[in-house]
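In the part that follows, the structures are each spelled out as structure tokens.
There are two complexes below, and they share chain A, which is joined by chain B in the first and by chain C in the second.
Take a look at the complex of A and B:
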């Protein structure tokens, strides 16, 4: 039986079991849940044929008749890449906690399951109402995850994050209500295509577009709504952070993919400025990352910079931009999960996240240094790693849009190399400092996490063809052009 | 329907006597039986004695739905009143008898078709609540609350009576049913008095000043009754006045409500954000939620009334859970300060989780009744062209997220030294409330179908 809604129900079911199971079994049940969902998803993906049917395995329930709110879950080409990312990162994050002495209470594992259910629902949502429900639902377990584990100032950090995101969510709720009530009365509003085909009156488009943009910019985050990010990233528990930076941050840009094409007329007037703001964010993030001393902060601002580029690529509203954006979500998600796991490994062993205090790790643990290097290369966007092709497409799209902006976007590759290599050089090379001398070898589950990430980075780097091609179908579906034109 | 009134009255008298007769163990079961019988007689639409007062009391439609809501709230609350006995207050019989009278008064308010009966209902409910507010008579604060509530309540009644006097002066009748012609200045004035008296009863800004003090002083379990039964009854009665008087309502009614909403949402939230006492915080939260319910009153007709009822249900459930848990925490730590909630997640995880879910519902978190309710009322405002109010609602919800999550944050931070437990039956009842809250959020269709 192929049903996309099972992607939500399987983790939900397992997470309820995890909550009541004891501390001993919880990690294994959670891992079982993650792996089951991953394989179920792979099965769905194998059965999915985009050429035959764009929207497949869907379940549609007439949920809130009053506002034409259907509950509609299904699999489509745009959702596949983020869904791959979700299942992978959840499994990796669970593996990361399997390390001895790094285990957590059963509520942690249950909440991870809930997060997975929320995220899967979010990416599979087939209309704005469902989209909104899961947008909020994926946030709640993460709030409790960070509240229960993490650094000493986590309470303030997560509260700030939550208030920001709740504000974005509420703006979006208001906007969705307006959208639903202003669409033509005969439409059922079951799936995205109805919104793509029937554009709203232009006088409403500006307001709604602004609300959606702010909501997504807060969520991702995209400059200038990023102020919660660095605090949250430094304070939160690192396995949770792998999910936050790897998947949650993609929710905002994914929202852009879904909603941009509703408001084409308004966007055509604005998008020059919007892309400019995104690119300013790219440069700004990179510059700040360059001057940071804390490893996690460098990674956080690097994330900000990359998300800016992805948003810029998607906002060009071209085939290449959307393709590159969707693929970059996957690539950056993997790399971000990897990077934050690197920081987790280092912090657990040296109790310090400053890049100045520990050096020479490469001498003590060369394998770790190698894994780190490959992940770093992918972040920097070196050809033949998965980070390259997506960024290349996006920069290309921006350059075709306006050449000066394209040059600005291309700077991200250079800046990325600068701050990343600086971090790598400071921590990995040199004479091993005293606190690095007892740097323990990687244990088995840590090795697994790194091997999976590295293999995927290389494989996706060599063979991106089919994956990136999915974006094209999504684009054709979204950019609906009436045949008369 | 009349049968329910008779059952409640007779049983309350019986319970008062049980209190004298020192049969204390029977009090709770008998009052539960009374409420269950009353619910049964309404649910099965018994028609005994319905012809008495037939033009004064409505027995069908929304009147019975809201009555059921009031009675079910009472049913949920009565088992907890048993806790009151343990505190050494011996007058359990008095309180339960009076509580049943209060339920009866609330029902009378929502069933009335005549201003006189409505006034009777208001008085029965209010007089009972004055007594219950002072139930903890050894505490000064409880006495103070009772007195404050009494003074405000009398003032409310006076304003209301003045309103219906004006109605009588122009219409020559106190019945809802004999409405003809169109509104004039005197009728408008009458409605201002009536609406203001209801705003006082419900505690809507700028008539809210009594609520935090009274809520704080009243024993917490009766605060729960005050914030649910009284509000539901008052909103129900207000809704029925508007429903029957469509023809003569003032034209500026929507704007009147809009201004009240604006003031309530902003002021209520700002005040709530700075509270340390959780009971006061919940009092302001109740004020804000009342503001949201008023959204449902914009352009209210019989077809959109279920929005209001749905919100009332969502609010009642979460509010009950919150106040009851505050009661348990207060018993344990001796204060309702937000600090006494610190570490509740480790000292009593079940209560902490239930409280968290209730607060999430109050804040309008997804897939809870609170969220769907907010969605409905905001949709009402969008559809009828009060778009700017929705922006205010968004800002106000954000502010409310701040103070609700402040409590959640406190509960989940730090681990407490000692664990304490709550009897299983109480946890079970609270769990049922929360399950209804969640199922009303996941499958709202079941509930709206019934309310329509």
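Take a look at the complex of A and C:
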């Protein structure tokens, strides 16, 4: 039974069971759910043949006839990489809680399942209405996840996050309603392609584009809509954060991929400035990250910097930009999940996330230091890791768009190394400080998390070809050029 | 044996060695670690020999698989290319690499991180092979970044020391500044040639006359920025002397013989592009000249044995850059090769001294080691004679060739390089005499412990010494009437006219060299043999201070770039973020709050107010209908 909608139903079903199951069984049921969904997804992916049928395994229900709102879920080339990421990071996050003393209540596991269902729905959504529904649905469980576990100031942080994203969501809702009602009346508006083929009048495009851009920029976040980020990241529970930074942050840039091509005419007038802003964000995030003392904040600003680069690449509206953008989402998602898990491991053992208070961890736990280092290499874009491929494509796309902008983008090569090495050397190197002397060895499930991430980073670095090639089909599909011309 | 198999034989053993030692190293017995680590480069070396025999010197392109493709642009193969230039690099990298692995097994024998050391060293070798074998610029870049990474890991090998960590980070970041230029250069290459493969680029160049195309000039300048980073040219050379924090064999392998010459290799590999941009070539030559003289002058005043050699390396790389700049690519490669021999020899010799003195690196605390370390003295003497260009040692032929080429192209280059040569002779003889001659200046306790190094260290030294003596004979100048073997060899992959100096010039140059060397060595002998420890403290004059502080370049960079950026980062993170960005993006929030505040009065709970508003509303609606 090949149906993309099962990617939502499976985790949903399991999550309901998890909620009512006891604390003892919940983690295992959740992991079973994660793994089942992962394998089901892999099966779908194996059966998916992009050359034969771009949009496959879809389910379409006439849902809100008033606004031509169809509920449409299916698998397409653009969604595959983010979906791979989602299933993986969910499993990794679950594994991260499988450590003694790190278990959560059964509601945590249930909420994770709901998040997974929401995210899968989001990436599989085949029209704006469905997209919007899941854009909001995926967030709800995350609010509760952060509210239930995390740092002492989490309530303020979540509230800020909620305000921001609710505002963005509101803008998007208005924009989508407007879009639905102003598209040509003959169209059924079942799937994306109708929007790509029939562009809206340019006078509406500006407003709609602005609304979508703000919504997505808040979501990712992208400079200057990022001020909720560092607070939320420092306060949230780290296994949850792996999902937030790894997958949720990709929702915004994925939205860019989906909606950019609706508004080509308007974008062609703006994209120079938009890319410039994104790139300023890249440097801005890097400079701030360089001066932070808290490792979670460093990682948060690093994430801001990287998301800016991804957005810049996608906004070039070129084949390379879209291909690289989709691949970078996967690459950065893996690395971000890895980095925040690193912070989780350190904080659990030393009760401190400052880079000045613990040093010399490499001496006590060399394996951990090695895993951290490989994840770091992917973050700084060293060749033969997947981070390089992503970064290479993004800078390439921008450099081909405008050389000076490309040079600005390439600065990330230098700054990325500066702040990551600073963080790494301060914590891992040096003579072990007293609070590090008792640093426990990694246990089995922690090892698994790291090994999975590290192996994928290297394998995708050596063999990115087929994965990155998927983006090209997505690009062709979206950048629809009428054959009559 | 087919070509692909040979490639596998050359490329992968170091990676396998890295994986085995890196993952299992701490659990394996030391002997096995050593064996795995040393067999890996040896296999690569044997593979290289096999390749030469089997392929008959035929340039061979081997694509393993497609790494990635961007539609409409270049297809990036994970591909490799072996031609004569590659062979020279391969022989140097795997040959010297094998010797240094063997040497390391003695040098590092007491270190706790023994297996970690060897796994890094093997990884370095793999990256270096990727670099020299890559058939396209992206694979080359992968190797390029890889060697930078290993350099970082090995400089900071003793990571408990914070100074060493700083040096490591500095090396990595300075290299990254170069790599930033390199990356832009790659994109420009793709844009200009529509290909990443060197051979395809070459075809495009041959097809179209692109000379002085502004794009090509920009492109080559960006690539040269990369070269400045990796091959330690002005303005990015300051990381290399600091890199001496790493174990000495690492300095010999990475920071003298192989990695730092990657930039020279890159320009030679892409010489057909650089030839199209005479402006860039001139800049390269000038930068090379400056680097040669600046580094040599700094070396005059250093007291750390490894620092002297490090500046010497920078200076010699400057020589190679000049050769590249004047279009004598093969000469640069020739000097690269001889330099790899004698500089590796000198570093390993210095390592032997340091090992014998249990970690002492200050030449003002050495002296009189000749009698206690006979072998080390002998090889260091050979190395010194080779680097100062004493006939008939290896350095003589290659350096002589660079000087001759420089003379024929531009007298200015020649004069600067000649002065740099005098400096070279001075600091090398100073090093030699103050280390091995005269009396021991260290403590008595130190003196008692001085010992000659084990054979595992001496044998590689002796092999390198032999190469430093005879290595130059493969490139005899025209005067001798003998074939210039390097030239005939490399010219099969690089099209370059052979340079010929007049007989008169050659003989004058030789005579001058010999006389100058005799004078300088005599002066140095007089001056440094019997110096006391205190006399090594240079007088505090302006010139001395400037030289000791390396022209204050580090301080300048901190002042100009590091501190302002740090301040900016701090300001952005603490002030701008909270007092500018946050309030601005909160405006919608404020508006909502204000709207709520004002609108909440509507719901006051007073019946009269509600009544009034509903009546007013009704009236308004009626009014609208009437007016319509």
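Keep this in mind: the second predicted complex is superposed on the first by the 485 of 485 C-alpha atoms of A that agree within 3 Å, B and C clash if a C-alpha of one lies under 4 Å from a C-alpha of the other, contacts with A are read in each partner's own complex, and residues count from 1 in each chain.
Following the convention adopted for this analysis, a contact is a pair of C-beta atoms (placed from the backbone, for glycine too) under 8 Å apart; a residue touches a chain by one contact, two chains touch by 3 or more.
Note that the structure is predicted; figures quoted are calculated from it, not measured.
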Which of chain B and chain C A:162 touches, first, second, both or neither: first
Which of chain B and chain C A:457 touches, first, second, both or neither: neither
Which of chain B and chain C A:64 touches, first, second, both or neither: first
If touched residues of chain A are counted for chain B and for chain C, the larger one: C
Which superposed partner A:472 touches (first chain B, second chain C, both, neither): second
Which superposed partner A:406 touches (first chain B, second chain C, both, neither): second
Contacts of A:140 with chain B and chain C, given as first, second, both or neither: first
First, second, both or neither for A:148, with chain B first and chain C second: first
Touched partner set for A:177, first chain B, second chain C, both or neither: first
Residues on chain A lying within both footprints (that of chain B and that of chain C): 163, 167
Complex contact set, residues of chain A against chain C: 163-164, 167, 224-227, 284, 287-288, 290-292, 301, 319-320, 323, 360, 362-363, 366, 370, 377, 382-384, 388-389, 392-393, 395-396, 399-400, 403, 406-407, 410-411, 413-414, 417-418, 421-422, 425, 428-431, 462-465, 468-469, 472
Chain A-touching residues of chain B, taken from the complex the two chains share: 360, 365-367, 371-372, 375-376, 378-379, 382-383, 387, 390-391, 393-394, 397-398, 401-402, 405, 409, 412-413, 444-445, 448
Residue ranges of chain C touching chain A (in the complex, touch as defined): 22, 65-73, 78, 116, 138, 141-142, 145-146, 149, 156, 159-160, 162, 165, 168-169, 172-173, 176-177, 179-180, 183-184, 187-188, 190-191, 565-566, 568-570, 572-573, 577-578, 581-582, 584-585, 588-589
Complex contact set, residues of chain A against chain B: 62-67, 132-134, 136-137, 140, 144, 147-148, 155, 159, 162-163, 166-167, 170-171, 173-174, 177-178, 181
